[in-house]
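You will see two complexes here that share chain A, one where it goes with chain B and one where it goes with chain C.
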Partner chain A sequence: MRYVLRRLAQTILVVVLVTLLTSAALRFMPNATEVLVAAKTGPGATKEQAEAVIKDLGLDKPFYVQYFSWMKDFVTGEWGNTFQTNQTIASEVKRALPISVFLMIYGQLLALSAAVPVAVWSAYRQNSRFDRMSATTAFGMLSLPNYIVAPVLMLLFSVQRRWVPYPSIYSGLWDDPVAHLKAFVLPSITIALPLFAGYMRLLRADMIGTLQSEFITTARAKGVSTRNILFRHALRPSLFSLVTATAVNVGALMGGVVIVEQFFLLNGMGRLTVESIFRREFPTVQYCVAILALIYVSINLFVDMIYAWIDPRVRAGRALG
Partner chain B sequence: MSDIEIVEDDVSLIVPIIDEAGSPKVRVRRRGRVTKWLAIGWLTFIVVSAIGANSLPYINHSCDQFESKLDCSTALNGSLKKIELPPTWAFFADPPKEPVGGGATHVGIMGTDRNGYDIFARAMLGARPSLTIAGLAITFGLAIATILGMIAGYFRGWVDVLIENITNVLLAFPALLLVIFCVTFFTDNTQSAASARPLWPIILALVIVSIPPLTRLVRANTISYAQRDFVVAARSLGAKGSRIMFKEILPNIVPALVSFALTGLALLIVAEGALAFLGLSVEAPTPTWGKMISAGTERLRNDVWWISLMPALTMFLTVLSINLLGDVLSQRFNTREAIA
Partner chain C sequence: MNTRIQAATRQIDGPLLKVTDLRTHFRTERGLVRSVDGVSFSLDRGKALGIVGESGSGKTVLSRSIMGLLPSRNTERSGSVIFEGAEIIDRSLKERRKIWGREMSMIFQDPMTSLNPVMRVGKQISEGLSIHLGMDKQNARETALKLLYDVRIPEPEKRLDQYAFELSGGMRQRVMIAIALACGPTILFADEPTTALDVTVQAQILELIGDQRRDRNMSVILVTHDLGVVAGHTDEIAVMYGGKLVEKAPTRTLFANMKMPYTEALLRSIPNIEDPSHTRLNVITGRPPDLVNPPQGCRFSPRCEYVQPKCVTEEPPLLTAEHLDHVYACWYPVGSPVYREKRAQLDRQGSGATVGAV
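After this line comes the complex of A and B, so read on.
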């Protein structure tokens, strides 16, 4: 319990630090005020307009006041409007977030469901033909950036065969499941390829280590079937790196697949944030980063909690200190 | 790519090598050697052509080579006939338009782009920014990460918590966003000539994003050795923390570090390409792989694939070769360790 509380405090600290860092960076950027005013009013603003903007955004106040009032707004949900579309930032985020979540989930599911069986079998039959082939494939995939995969997939499945529309048109999962999946299939595959390769290699390596432990020999000596040894005895203690990587990627994929979102014209969180950076809409950037950071750290916290479930040794270690 | 065989990967060095002796290994080594030399060959080729890109025997790869704009446009007009021609080997591809005034319908080993530039020559020119930026960034990033990661992984306690929190803060920003953010932060407001965008903000941004994941990896590696018998033995003999870290643990994680360095280099080349893809890397006259790929995607819908996919192939082979070498190197270290 003390461990949980400590991790919780750590998590909150990280969020505070991230938002503080973002605010500070945006505030103390060279010419921050002028850039912001120009972004809000367009070029050639009059002095009165500029002063109004400065007052409106609270740029005349000291930094810590600005930060605390921002924090208050963030917590209470009064995020204000975007500069360009003049919609609330909250509604923009609400529109973008599901797209990112879907993309992340589909990508992860595809990658994990392929990686786990392949890795387990590769580790079990180390240096077999299957192992070498999967290693080679994974190797190739790791060297393929998503901005190469995406155009190739688009060329093959949207241009040469018109199976899925390009650009992807987002529709809700329950509104039109077919269109929904069509919109997400190519982006998800693009995201899943390198994930699959990474996961496969991580799990395979850990699995090979585990399979040489004494408890596996014991299990084998007891006559446990291969499948049970692999999936019951060996998989769990081998999951450490895989779980960490998966968790790290949840956060990374939420905002980090800008290129895929951009290429398939899906308006996810990554695209929203980047476009806001490009348009110098710093308030929007701040909220986006805060949300992404919040998601990232909560998932990390969650994963730390399940470590104990995965590996009893961790629980014992924590109990000791 | 089917002939590339990777048998061991970097992490398998945790496993003792003893059980891998025997005849299969000999076969494996020979195959590994062939791919290794292919990789080295390709990288040498890229580096040499990147250095000598301006004197490649192809026309109009860049206006850099011309004294004046007029020369450039004259030369361009001369090559206008050669717009968007597929590579010579691509017999199955047709140019979108018949070349003006007849002539060959297929040109060069990578074809030509919308301006009639030779794509191969531009791809070689584009290797320069990519390799320079990624190479510098990974050097700095790994040096810092190794120190941080070993301290965190060996001493644990409050240092570990501190370093973990710092990496957590940095990791909580999605990497690409952080890079974009850094690049905008450091370049945006200078407002100097667009062509003079300095390299260092990009490098700095890439160093910043590479530190947290590398630190984590080094830390994890250190931890996996910190409780081993030989470390415990050294400690019980009264060895100091720094001695254990540098004499006992560091030699064991060096193979991992080398493979991280090469993987990191590959990743950073990709990241630099991503920046270029978003228009944030070096400015206009210099081509980069990312920019070439992204510029070509507009024409994909008309089935004009070579403009985008040929630079993509160049980049893929480069990244693949670096990754391969990382693998081979870690095997080499592994073997030596086993002999000693």
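After this line comes the complex of A and C, so read on.
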């Protein structure tokens, strides 16, 4: 219980720090007020219009008051409207977030489902032809930038073979599953390639270590089949680095795959954030960052639970702490 | 419920296990490591054989090679291993796997690392039961509990759902024994089963192995560096040096009438409780032989106190002593005239009981 409370406090602290830093950065950049006013009113605003905007956004108040009132709005959900389109920011985020979540999940699933078997087999047959080939392929994938992969995939599968439409047209998973998957298949592959390579190498290294343990010999001497030795005995204790890397990538994939989103014209969180920055719509940026931070911290909380599932010793250590 | 799984009781003429000229060599960058270099012996059902030697004498490789447990890559294995009347050295991995855990089991040196850290103890014991005997979950769990009773672990019900890290070293080794005994093997290999344990626990574990051997009419091969360990728990002892068998005799005969100076040196290296305190420990000077380029002649000759010119040039064959079941590989065995002369000379020099004083 004490542990849960401590973790919860940590989570809140992280979100507060992240949003505080974002707010400060946006507030204290040179000519912040002027930039914001110009963004909201458009060029050629009168003095009265400008002052109204300043009052409306609370730009005349001290920073900490602004931050607290922003926090209050964030918690209560009254996020206000975007400047240009005059939509509610909440609706913009609500539109962009599922796209990012799906992209992240599909990318991770693709990468993991390919990386685990390849890594396990590479580790088992260390230095075999398969191992060397998979290593070479992995390094190749790692060094391919996604702005090369994305157009090549599009050329192959949207232009030469018209298997998937371009641009990716987003539809909900339940509205039209086929169109939904078609929209995500190419961007997911683009994201998954370098992830696969990284995951594969990580798990392979850990797995090689585990396979040298005495308890693997014990399992062999019991007559356990190779497949069960690999997947039942060796895989679970080898998962730590992989789980950590996967968790770190959740955050990176949600807000940080702007290039891929842009290529496939998917309106995810990355695009929303970056375009809001370009349009100087700082309130939108702030809410996007806050949401991403919240997701990131929640995932890490979840990962801690996975650690405990992987290794009972973590559970025991926690009970003592 | 009678779930005690007895060792199979097929009656076969001749010994249970017959190893003939077994060689196990590893290809390395330095060259061929001859870890086991022509070892022959046989073992009867229900008997306990001790294999004794220093680190690097090939005793662990020998036991794993008999089971066929070594990875096949970069390993050359030749000779013959006849188990229950059938040759098993050329069996495929799939066929060997049917033997592992069912007919031959092994327990290891370090119970801290030889149990799976993330799998419950009960699951680790019942795994073999479901693989070899096709037991369902419930049945396997009950049998696992029975096995935990057999290995005299305190509070066995509780242990089923615990993990290895929640148990003491002695309890872990008991769990290892339970795993090894699960399917009623005919041979149990115990590879330094007590080396990593407290002295007080060592005796209990050895006793447990002995009791189970008698109860189940199972053979035991006890691999250790410690002559003291095998003394009270084996019927026969085989001493290994540099990948070869250098002496083998019934335990009593060996201790009463050892022939190999190496065996003698091993025995002398055990501290005696009656010695006054601060008595210098007897050590065997030098290192175990390089198994890539083993010494010519007798492999122990570079370290032997009684070495003669012939020892360095000619390798001694296995000779039979006055008891027919006692063999040794030495030109000038303990008690021979040359040995006595050299011994007297050494004593005059004042090295006394200190074998190999520099």
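Quick notes on this structure:
FYI, the second predicted complex is superposed on the first by the 314 of 321 C-alpha atoms of A that agree within 3 Å, B and C clash if a C-alpha of one lies under 4 Å from a C-alpha of the other, contacts with A are read in each partner's own complex, and residues count from 1 in each chain.
Assume a residue touches a chain if its C-beta (ideal position, glycine included) is under 8 Å from a C-beta of that chain, and two chains touch if they have at least 3 such contacts.
Because the structure is predicted, anything quoted here is derived from the model rather than measured.
Which of chain B and chain C touches more residues of chain A: that partner is B. Once chain A of one complex is fitted onto chain A of the other, the partner contacts of A:Ser168 are absent, as it touches neither chain B nor chain C. Within the superposed three-chain model, A:Thr218 lies in touch with chain C and out of touch with chain B [touch as defined at top].
When the two structures are aligned on the shared chain, A:Thr82 is found in touch with neither chain B nor chain C. Looking at the shared chain after the overlay, A:Gln108 reaches neither chain B nor chain C. On chain A, the patch touched by chain B and the patch touched by chain C do not overlap at any residue.
Here chain A touches chain B in the complex through residues 10, 13-15, 17-18, 21, 25, 29-31, 35, 127, 131-132, 135-136, 139-140, 142-145, 147-148, 151-152, 154-155, 159-160, 166, 201-202, 204-206, 208-209, 212, 241, 248, 251-252, 254-256, 258-259, 262-263, 270, 273-274, 277-278, 289, 292-293, 296-297, 300, going by the rule given at the top. By the touch criterion given at the top, residues 1-2, 4-7, 9-12, 14-15, 20, 24, 28, 161, 165, 168-169, 171-177, 180-181, 184-185, 188-190, 213, 220, 263, 266, 270, 273-274, 277-278, 290, 293-294, 296-297, 300-301, 303, 305, 308-309, 312, 315-316, 319-320, 323-324, 327 of chain B touch chain A in their complex. Chain C meets chain A in the complex at residues 67, 69, 97-102, 105-106, 108, 110, 113-119, 127-128, 131-132, 163, 165-166, 176, 179-180, 182. Chain A makes touch with chain C in their complex at residues 213-215, 217-225, 232-233, 236-237, 310-313, 316.
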